[in-house]
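Each of the two complexes below includes chain A, the first together with chain B, the second together with chain C.
Let's look at the complex of A and B:
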């Protein structure tokens, strides 16, 4: 799609008007962060917001590598987790009576992330592309093995836990209440996001983009690409550590699973679904995936499968992610070409829904079959009582899926053609 | 002495199994530049297919059918998945296989359940072939060794002696030139990808019943296979063999040693607090870290791996 080129203009535009727009954005985000917990005045709502804030910082730090530096880090959760452990150990010191203000503890996470990213980056950033990815995978496995090996430091299976409200109150706040810790986490998220955005505007940030696009040319310009990758890697580790510190304060526990491959996979998933080509894509991805996870996680056992399928779908058909989809449609809507797309897009919707219903039906039937086999009840699916052991029950979802796929095969290319046509019109400058 | 021989034999079996996985992957990586992240997932599918087939038809049909099924599946994935994302670049290809591994990892427990399935060694080969130091050595492990060696002999002969092997070897280093000479390079890619997956499937068939067949088996072995492929050097089959055997021996040996790490470091002249964290770790507990430690060491000393021709 055309959105591969578009993000660069968004990142590279350095006109003053842009900065003013950013100030407005920042003020709006800060205001939203201030009032959001009062709009969702429930424990669930605030814990959702906390998770989102943590996921946003983590995804943004991951995108410093993947989106801005072209480096796929399979072990990014290592820095997240080690930052969390560092924060947790300081929290325990504070519990023991040493004066350490709780809201500043994510700084320890930053240090933990940075200190662990330096040796890892020193090894990994000597390589690029696929080899880099594989080396980070090795480093991640090594880190997990070490954490499991050293229960004295990392608490083994149970992890390390502390109590953020055990310290003497600071200016009357003990940070035990959900709302108080929310403001600490939101402030850190905002600060970290602003800093990461600022880094994209520094010479280092620009060189990181250059190394992603053409390392050989950067080398000829007199900069060492490996060194730039290393600096970027260390900074990304630092911010992942901040996110880990925020998580440690929020959950009051850090375990091996925070370091493991599942956590690294989750951040890749949300960053890519949001879109790696823009700065704000990962923010969108973190919000959407966290919402999906919280909403679907209570509804179905299959949400992991669904998020995996969504990821594969994005890789195959929308490599720019959600932000790429938005960026490739915004200029069309602004030019008043939206009506050319609407009919063709609406035609796809029923077919897509049919496919989705079939897919969900099959997956849910399979999960219910497992439940029945292990002695559970099949439960209801879309309001129907289903018996997954009966082969007839599988016919309907299979037919739905096949019918949907067939319809998509003929309708999707038309929607795509309409999109391309609209872009051609836009490029020619003859709207309508 | 007999204990050492046992460790060597087990290390050889494990190393050969690793090589069966990594040889396919290294061909794919070397030729297409794509690290197939789902390679170990095909190993898992091989084991599960073999389990299902062996329940109905027995082990021997499974030995033939399961790898063919897995290979066919791999060829489909290459033709309709990888080739479609190819235009989005290398990163998209890698991410596609990551997503595929994730989805396969979710679908397998959906079909066969979360607990390990009872995939057993065939009764014909489930007898002690000989005893070493009072420990019986199962005949099936000798069979595994035999199959591995036969496959490699066959693979080597096919690559070195046939015309297709010549084209594959040429496409490893000069894909554009091979295409210019009129060979259908994409079809060669599909073939190699399918064959690599079939090898992974075969490894699953013969390894799944000795180790466990459970939904976690792909993740457990996947990272080690990647370590082998990078250590050996991308695209180098002899390098993959060397790295597989090295990791096989070292990991098997380190599992059996329960000397604390502190004692070892002390012998090397490093002072370690006898009651500290390091002093209490036995070498056996450090065993899972060994392949990755080796990987990092090799990369620091020799960034291209043991026998790698290509740097990336």
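Let's look at the complex of A and C:
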């Protein structure tokens, strides 16, 4: 039993040893960041990369709380948004002629995030678990009310906007061009990620994990768990502020929606989908969800529904997120047990595709019914004309969905059993 | 209270609602001694530890640790005055490795503070201290296993290790051998004997062979009061103790 628990529970266990691997990772990531915009040489591609970089920093800062510290912050966008406003105000000063180097402005975001997280954390971190989550929800509501109440600072409905093109140009760069701001944003993302990773290896980082696991025991080892939560919260706010600052530079506008509950929900969603059990899980989640959002956003109005479905699916069937799935398979593949899984896994694919097709069909019909009712055209789906007003047209996707679900019901448990068998073999050390 | 007192309890009282659980406990625990606290189930032994370590608030009374008044301090402050404890119900960091469990427990002593700008690997002595404790606990081969995946006796051993590694001069152990087999108990006793070295141990223990093996002073707690206290011989012969222990334990005591 203990052996079966191991793949899940060992995720955040201290792994000394692999001490220099991080340098290789860092170099590879930096190289990738350097060439990526040239591989995707399009405005859309670069804007996608910028969004990913921002989301990565935001999700990592969120996971400092959720994954590392066991704190579910329902208002994390508050620090993101306020960091964004702080950056935007400095950008406006720069526009007004005061010399402020644009690439350094996310520092103002860091300060904005930190300054807002200190009072919020002071209140919230006195509690843990559900009470903590509830307090952060209250703080988020308060922050929105505050921002709406002070239009002279936060610009009311329209928000605050500025122009990032530096005047005069700095060493020949004015940062107006997409590629130039991409490098600024990528550099910040890399720096912030490295710093957040480094923090996990400090005394505070380890104590944060300890407080997540057992705050009571920490108290009997000389540390005040509330103080550790507070410091972690303040730092997480700081990095969320950096992400907000990056976004302010990218979008050249910050509005109240950037601090609202939808933004807080989005970061929770990506972090969870990526997996809270590892440092890099949220990076994966940020990349995948941003990709889905931007790709689906151009294809369908229903992308929120799809990311919601993905989230529910992950919570129910893969609570370790994408990184959890990877981690629970990596040792099997390394031990050469992959072939035991392949057939059973492949068998699930058609059933999953059927289910998905059914779901998409129903979702798109529903969305387009709306469009037709307000006088729009229903358009096409998978090459078929969509006729949402015709009840018969609903039959096909419904059948697909039901058939897919039925098939999944018998095939998915078999895949799962294969996975479990492989782990049992691995634990016993049986070769092949 | 003399110079030589590690822990002085003065007239401690605690009630839960209307039920008085600790009813005027006074004890002087000599520095460097191994002081066992025995008594029937529900006598209030664990509650007494909770009061001393700041987990529960006293209704009345005073506690001094090596001369410092620690009455009413929160657990982490009590720890900083040099008092560590283990728990009757194992209380570890389940997702952290054995190594990391011990390292967290040794951080305060290594003056790590709340540093977030310095690698935890860079603290002089911390790493070596953890490795030594792993050796002493015979947990070196299990150092990278999450605490949740340890066998029961290993978890109990780690529980003791967490109390011992922090450099406290006074250590409270709440039934350290509970649930261990004969052989495991003997190993734990040897471990305590080896690592106690000059420190004050206060031990709650039901296993009387462990008590007579380790303790130089025994206090008997029954219904929230100390009914006898003294050397093992004195306590063994005490009539009140025999009365409190009527039943199976009485034979062990004889």
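Note that in this section the second predicted complex is superposed on the first by the 414 of 432 C-alpha atoms of A that agree within 3 Å, B and C clash if a C-alpha of one lies under 4 Å from a C-alpha of the other, contacts with A are read in each partner's own complex, and residues count from 1 in each chain.
By our rule, a residue touches a chain if its C-beta (ideal position, glycine included) is under 8 Å from a C-beta of that chain, and two chains touch if they have at least 3 such contacts.
Source: prediction; values computed, not measured.
J.: I'd like to know which partner A:261 touches here: chain B for first, chain C for second, both or neither.
T.: first
J.: Regarding the shared-chain residue A:326, is it in contact with chain B (first), chain C (second), both, or neither?
T.: Touch status of A:326: no partner.
J.: So, A:219: does it touch chain B (first), chain C (second), both, or neither?
T.: In the superposition, A:219 touches chain C alone.
J.: Check the residue A:48 against both partner chains and state whether it touches chain B (first), chain C (second), both, or neither.
T.: Neither partner.
J.: With both complexes superposed on chain A, which partner does A:373 reach: first (chain B), second (chain C), both or neither?
T.: first
J.: I'd like to know which partner A:210 touches here: chain B for first, chain C for second, both or neither.
T.: Touch partner of A:210: chain C, not chain B.
J.: Is A:160 in contact with chain B, with chain C, with both, or with neither (first, second, both, neither)?
T.: After superposing on A, A:160 lies clear of both chain B and chain C.
J.: After overlaying the two complexes on chain A, where does the chain B footprint on chain A coincide with the chain C footprint?
T.: none
J.: In their complex, what parts of chain A are in touch with chain C?
T.: For this pair, the touching residues of chain A are 2-3, 5-6, 9-16, 198-199, 201-207, 209-210, 212-214, 216-224, 227-228, 231, 235.
J.: Could you list, by residue number, the parts of chain B that touch chain A in their complex?
T.: It is residues 29, 33-35, 81, 84-85, 88, 90-92, 94-96, 98-100, 102-103, 106-107, 109-111, 113-114, 219, 223, 226-227, 229-230, 234, 277, 280-281, 285-286, 288-289, 291-293, 295-296, 299-300, 303, 311-312 of chain B that touch chain A.
J.: Which of the residues in chain C come into contact with chain A in the complex?
T.: So the residues of chain C in touch with chain A come to 53, 55, 74-76, 79-80, 84-85, 87, 91-97, 99-100, 103-105, 107-109, 112-121, 123, 144-146, 148-151, 162, 166.
J.: So in the complex, which bits of chain A are touching chain B?
T.: The touching residues are 66, 70, 72, 123, 126-131, 133-135, 137-139, 141-142, 145-146, 148-150, 152-153, 261, 265, 268, 272, 302, 304-305, 308-309, 311-312, 315-316, 319, 363, 366-367, 370, 373-374.
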